[in-house]
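What follows is a set of structures to go through.
Here come two complexes built around subunit A, the first alongside subunit B, the second alongside subunit C.
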Partner chain A sequence: MASKQIKTNDKHVKNLANIVGGSRSILYHKEDLLAYDSDGFTLHRHLPKAVVFPKDTQEVAKLVKYCSDNQLPFLARGAGTGLSGGAIPMNGEVIISMVRMKRLLSVNLENRRAVVEPGFVNLKLTNSISDKGYYYAPDPSSQYCCTIGGNVAENAGGAHCLKYGVTTNHILGLEVVLPNGEIIEIGENGIPDAPGYDLLGLITGSEGTLGIVTKITVRILKNPEAKQTVLAYFDNVTDGSQAVSDIISAGIVPAALEMMDKTAIEGVEAAAFPVGHPKDIEAVLLIEVDGISAGIAEQINQILEVCNNRNVREVKVAQDELERGRWWANRKTGFGAMGAISADYLVQDGVIPRSKLPQVLNRINQISEEAGLRIANIFHAGDGNLHPLVLFDARIPGESEKALAAGSACLQACADVGGTITGEHGVGIEKREEMRFVFTDEEINAQTDIREVFNPNNLLNAGKLFPMPGRCVEIKKELKEKEAAIS
Partner chain B sequence: MASKQIKTNDKHVKNLANIVGGSRSILYHKEDLLAYDSDGFTLHRHLPKAVVFPKDTQEVAKLVKYCSDNQLPFLARGAGTGLSGGAIPMNGEVIISMVRMKRLLSVNLENRRAVVEPGFVNLKLTNSISDKGYYYAPDPSSQYCCTIGGNVAENAGGAHCLKYGVTTNHILGLEVVLPNGEIIEIGENGIPDAPGYDLLGLITGSEGTLGIVTKITVRILKNPEAKQTVLAYFDNVTDGSQAVSDIISAGIVPAALEMMDKTAIEGVEAAAFPVGHPKDIEAVLLIEVDGISAGIAEQINQILEVCNNRNVREVKVAQDELERGRWWANRKTGFGAMGAISADYLVQDGVIPRSKLPQVLNRINQISEEAGLRIANIFHAGDGNLHPLVLFDARIPGESEKALAAGSACLQACADVGGTITGEHGVGIEKREEMRFVFTDEEINAQTDIREVFNPNNLLNAGKLFPMPGRCVEIKKELKEKEAAIS
Partner chain C sequence: MSLKEMALKQDPSCTTNSLSNYLWSDAPDENKWADCVHCGMCLESCPTYELTGQEQHSPRGRVHLIKSVAEGKLEVNEQFMDPVFACLDCRACTTACPADVDVGGLIEEARGQIRQAMPLTGWKGSVSKLFLQGIFPHQNRLNSMGSLLKFYQKSGMQKVVRKTKLINVMPQHLVEMEAIMPEIKEPLRKKYKNEKVIKAKGETKNEVSLLTGCVMDVMFSDINESTVNVLTRNGNDVSIPQNQTCCGALHVHAGDRETGRKLAKQNMEAFKDSDKVITNAAGCGCALKEYPELFREDPEWHEKAEEFSAKVEDISKYIHDTGYEKPKAELNTRITYHDACHLAHGQGVRQEPRDILLDIPGVEMVHMPNADRCCGSAGIYNITNPEMAGDVLESKMQNVPDDVEMISMGNPGCMLQMAMGVEKYGRNQKIVHTIQLLDWAYQKEDQLKGGE
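This part shows the complex of A and B:
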């Protein structure tokens, strides 16, 4: 196979190309780099220095060591579906793309685990084991294309995380390349309380700032014996919210408990997967229960009773897998569906105690009126994870800024009732400053101090996750100045 | 109230006494300190410098700051029931006892959480909310006296952790006094994927080496609608182990799945809560399922069928809550029961993949023969968490050492099959060196580097959890030497 020639004088690009085996595994021309200037959060755009495509852990370690030795900023990228800008090369980073490391390495049904490379696509795992009766639980809406490595970085959630937990609850082990190029393995085959500090938990959700994950051991689950899905329409949001609380209070833990408001319904009905939701209702709930067959019917009856007690207008149970699939497609493509009713949209991701739902939804309405922008709400109601979608038109000067401010105000509303600023999308670039809504300086320092340990020169994904340089950076500067003064 | 006088010339003792309001809140005489020279792991004994009893977070912060400013080693202690020596004052520490901080601060049923002080006893939480239909899930066998603060430090488990997870899965927020005296709050009311690094996970299970927890927000659960408990006797351990695997493979997730072997049965039947287990059987399984009533009977039938297919000698379902309670008392007092058949015993705590149960139990038998010491096995079979109990007599010279060596060999056997060295008891002093069975130097360094960030002078609970000083300690020494050379 004839390899293309590297056409640049940049010695770093040449050296990086050599590490990954030549010009076929690196992009460095501006026209190629444009595709990597952003991720799912498109309000910031920066060009990377280059994009490299390693094929294995050793190559990742060499790339990292090279960047570290040469003080080149770098970051890892999966499918680029992140919604908070975690993979945007703000400092002209070398992007280490994980898409070639996409193998399913092993499946162990007896001990319920699978080992994957980080570029392996989320949904492919379930597809690979479903014939044996197993699946992988975390199901972000982008699961048909997002990678498990990206899911680990963002601690991704999904509709079924109410019952099954987010990504961190399904990660049993990681191989990680540290920012100095060292390779470590953490997690011991899914031990519930492994010895030592919980590095597994620490690295999961660290948004690519502590290391680059190169191998992942995940928990796989047995398919539930049975599933039933309910759609319930309410004439007002308070009744819908109250039904959510009542279902949980009844002791039912649904596999999923989703809600969409009127504006969201307008969007999903105008997009690719309409299911005929009535246009004049204020809230729809999508409720799924799963488990052993024997208990399902009783739970469904309880749910129907709760909905009736809360003045439901109409409630129905999916008649077959086809209907269930259509309802889920309608919900899972909900964010993109906003494109059918708005030029642009900004997804936010706040979390609140379930009991505060009506109060916060009212406040979001107010914010919408104040900003003069429509806000649709699609959310994981069962675990209080809101996704306000601020609709705007970036072509109108000033409207992007207004949308960002409205999104921020929604997060403030969440923080004000004891909630927080992200449930599953991460902080990234987008919510760095909003970290101050929920953390004091001391609390932020405690975190940036940890980043310092792993990432002392802050070359790996700098400028993400935290609002300001940490304490260690300052101490280090001082020490360096002292040393300089001596020599 | 007349306060006792402090009768010592030690200025630190006087100053510490002043912080906690006088002599009633401090112990410093040798005869008082003797009770604090050890915890549930009694093979090491060291006297503390003093034991102080703060009443609130502010006092803890002042004590910590005082110790830190004066280079006094210190550590926190709950009920002292830990099994790996985590609360033993190896360096003559000032012990900060949390037993006066034992209030239940709030209960929020709607959002399923409670806030407790660290000295609050585990079982009291369930007792305080059971009349409203709720409970706290983690149930270490010592739950009638151990504190939730201690549970957080050790990331304690328990029989029902198979279905419900260990302590870390139930902690939603912590207030922590850092080793420099700063107070931070982490966790935001139980958000599934909180922003920033997972400090909550990092501190939970850090065995008191990163900070002192002063307030804990826990998840509480709704009581399951129904429970059923099964006792099954097997004529050989392999059949029993295979039944364990079969139950899980059938897609049942029991609330608990416990096993005891013949020697363990001999112990529990000779102790305070005998239930009439046949003396000649090789293994007993205690299996509990819970959930909504509708599904329970079917699950029990499946379990009985699995047991029958694996040549069970006898299997029975608890007829009422009284019988269920007796079976559990028999199991939960199992460790202490070994006192009925042996002068001393050493509990070990290894974890293995479920499928390796028969192989590892064979190896433990071999170790027992080689050491000439009986080893009983009581374990959480469902999650592969073994508790080999090495029976010995400390009065016989050399036998303690033999027991320790046999315990260590059991852990090596676990590590050899891809398991690890602790499931729920922690590393403490006991298993520091065994950390090398599962971690490389790089991996241990990554952890001690983190300790450095929180605990830079290693005054807080030094000498626990890791086999050697970390990398940062060395770097720091170097810097100090440099600075010294200058001045």
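This part shows the complex of A and C:
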């Protein structure tokens, strides 16, 4: 670990190392780079040219300028927990890792905002202010380790976004390094709804294709006065889905309304945080209501009644914070838990109108049968955000392809009922082609025109988010390179 | 074929053993990494990732590299060794992992391959050879080293060395270690050499055997003494099998799995008549429980190891589960508790020691944030990777509450490391073993009774 000399003849690596202050802040050996060849989406793997670790905005700006001046492709990466491949260096990018910029810069309780660096971990924000009665609402399941910078790039959602909205609803200001190295601030002073175009909205969710966020002003919320959590077991998925619709129709806006199906239950129960869900159950709902104390009990009673009307087998209210915590840990580690019952998984992220839940779930079942692959469903039922997890084993020839095709078919099913292809995970590499399910060529071109304005040379995170007309050529080139490397 | 399918074709999707760059038997186990889906939930649990922010120093990164060697994408070389050996072996990732991936097992298997491919050379090699093969497995040599240390302290030589700055010729991290060397007393195994069984005080309820440990018995024999006191006071006959040896944890951590297996066999033999094997050193306990892992490729010994490891239990859990007399004397002290990695993450023992401490009248427990974060001791990691170990220790010490008098824990390695932290950062806490506090409360109670 001692600081070492830079041992390479690559002048770019040497120059980049100089910008970030030497060998401790750059990786360039193949062995180290391999750890960066994918993010949470593992079906594509590419080695970066180098990984650099800037410590402040100035260093980021210099790195970006250097890459831009020298025509080196580059991209930003946080914790690398993204599920659509947004941080995969598919063009041999220089990865600018933001994880060392991880300070909480300020907390302003009076105006309910906090300023963080992009590498600051999502859950740490809530942990830092919870003793004062505040929290940060967007809570992706990976919140234990994902960074807020990554959340901004992907416009991350989470279980509680049903009531509180996704990341974009909580961003008040950004400092951004543009692809030419220029530093800009938008949403200054954190005043919401500033006049002019909504640049905050444009950058948030741009999947790292318009600029690199180096400072973030977020909204923080007062802890709700009361909170209750309910677990309900159903013997069939349709009853469970109907209960979801009924709860919303009854005028209740739960903070969270989550569903897992039988295969998902098998996974979480076989993994590290089991809570004893019955194995023979077809669907479990996890429902949370929060707000002022008055009225919570009434809402819970309404929910229990709805569940009973829909033939619930068992329904229970969390007795204490400990029980509530166990239920949530079980749900939030659900994706990783699939490792316990399957070698690999591919998670999809479709959104549908709530009323179409039973229909689409049936279709997903069909897709599963046709593909001969199991599909587990863990999803934010309340806002119709499905997460079909296609289980497969990449070691079996042909299974990866089948899984991808099945995942794509699930998205088609969502688009067919008037839904869309991503709710919170982003398009990345994974769903580029599926963008065509929901956008015409003209609509896609209009969006790439916007990218041109910010990122004219397309050096920053190229090849993500939109289907690429030139892709075929690219693939052939890569194939040739691979073949050359093998032989 | 669609574009997407073509894109996939280029990624090698299968693992072929023939490609593997692991050349020796006992190679990292494919089934272990097959559970890892690269979700990243382990990242924040890992002290080396926290400090470096680099994913090759994270659990999922290490797993990916270990897998890549098996897939023939990487060689076993210096660059691969660095992340694999920088792991503290703290197992925090095992707790965090949703899929229960045995990262610790993979790391140790990979270290075994590295050590065979690239035997240690230089001073690190000599030091590690001296300790791991020359001293730890040999109780008499350990004892003589203990006697030497005792002589060093008692003779006044320690004072001379410190005063004359002779100490400055040692590397800094060894100087820091010298500063906190506990006072050496007589090892327990020597003391009870001729006693087959130390009888329970009062009626015998259970019979147990004690692993005295090597560092524990030489550096902290008073903790072993306390352990025997607590056990016998609570109705346990205690035997100390004389042919027991070092648990092998340090060897396995260092990649010397062959010596690890040798020691494991000797211990299984030594304790073959015991129904319960009690340890008071979390690192040893965890190692004993993981003996089956060493014999994956040897069905006969694997079965024996399974049987043996089922008998192993940490003293705090054993006492907690079988019941113990609540002490009546008051200790009147403010303490905090540090979770030794190999107790909390390795053996899942978290609440039991805390319950015991809270049962002692007058003990006030102050919460330590991130109590289950590694202190950086990690076997002999603090000797081999002093820089990283120092950084980990610094972040640990920042979490130790200011206003406590003692830090309690269940592992001798942590005790030495934390004592070094107290010394280095000008703190004034006393470092104690959980079972010592219980024993002191008993002793105080007896004194008070005697005085009546």
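Just so we're on the same page, the second predicted complex is superposed on the first by the 461 of 487 C-alpha atoms of A that agree within 3 Å, B and C clash if a C-alpha of one lies under 4 Å from a C-alpha of the other, contacts with A are read in each partner's own complex, and residues count from 1 in each chain.
Everything that follows uses one rule, which is that contacts are C-beta pairs under 8 Å (C-beta built on N, C-alpha and C of every residue); 3 or more make two chains touch, one makes a residue touch a chain.
Because the structure is a prediction, the values reported are computed rather than measured.
Visitor: Looking at the overlay, what does A:300 touch: subunit B (first), subunit C (second), both, or neither?
Guide: In the superposition, A:300 touches no partner, neither subunit B nor subunit C.
Visitor: Check the residue A:36 against both partner chains and state whether it touches subunit B (first), subunit C (second), both, or neither.
Guide: second
Visitor: Let me test your reading of the model: by the given contact rule, A:121 touches which partner, first (subunit B), second (subunit C), both or neither?
Guide: In the superposition, A:121 contacts subunit C only.
Visitor: Going by the contact rule stated at the top, is it subunit B or subunit C that touches a larger number of residues on subunit A?
Guide: B
Visitor: Kindly classify A:452 by the partners it touches after superposition: subunit B alone (first), subunit C alone (second), both, or neither?
Guide: first
Visitor: Looking at A:195 after the superposition, I want to know if it touches subunit B, subunit C, both of them or none. Which is it: first, second, both, neither?
Guide: After superposition on chain A, A:195 lies in contact with subunit B alone.
Visitor: Please work out whether A:275 is in contact with subunit B alone, subunit C alone, both, or neither, and reply first, second, both or neither.
Guide: After superposing on A, A:275 lies clear of both subunit B and subunit C.
Visitor: Can you give me the overlap between the subunit B contact set and the subunit C contact set on subunit A?
Guide: 472, 479, 482
Visitor: Please output the residues of subunit C touching subunit A within their complex, sorted ascending.
Guide: Touching subunit A: residues 2-11, 13-15, 34-44, 52-56, 58, 61, 64-65, 68, 73-74, 77, 79-80, 82-83, 86, 95-101, 385, 387-388 of subunit C.
Visitor: How about subunit A: which of its residues touch subunit C in the complex?
Guide: 1-2, 27, 29-32, 34-40, 42-45, 51, 53, 79-81, 97, 99-100, 102, 119, 121, 142, 144-146, 271-273, 333-340, 343-345, 394-397, 399-401, 404-405, 408, 433, 471-472, 475, 478-479, 482
Visitor: Touching residues of subunit B toward subunit A in the complex: what are they?
Guide: Contact set of subunit B toward subunit A: 110-111, 155-157, 161, 165-169, 178, 182-186, 188-189, 191-199, 201-202, 204-206, 210, 222-223, 225, 245, 248-249, 251, 291-295, 297-299, 351, 353-355, 383, 385, 418-424, 426-427, 431, 435, 438-440, 442-444, 446-447, 449-454, 465-466, 472, 479, 482-483, 486.
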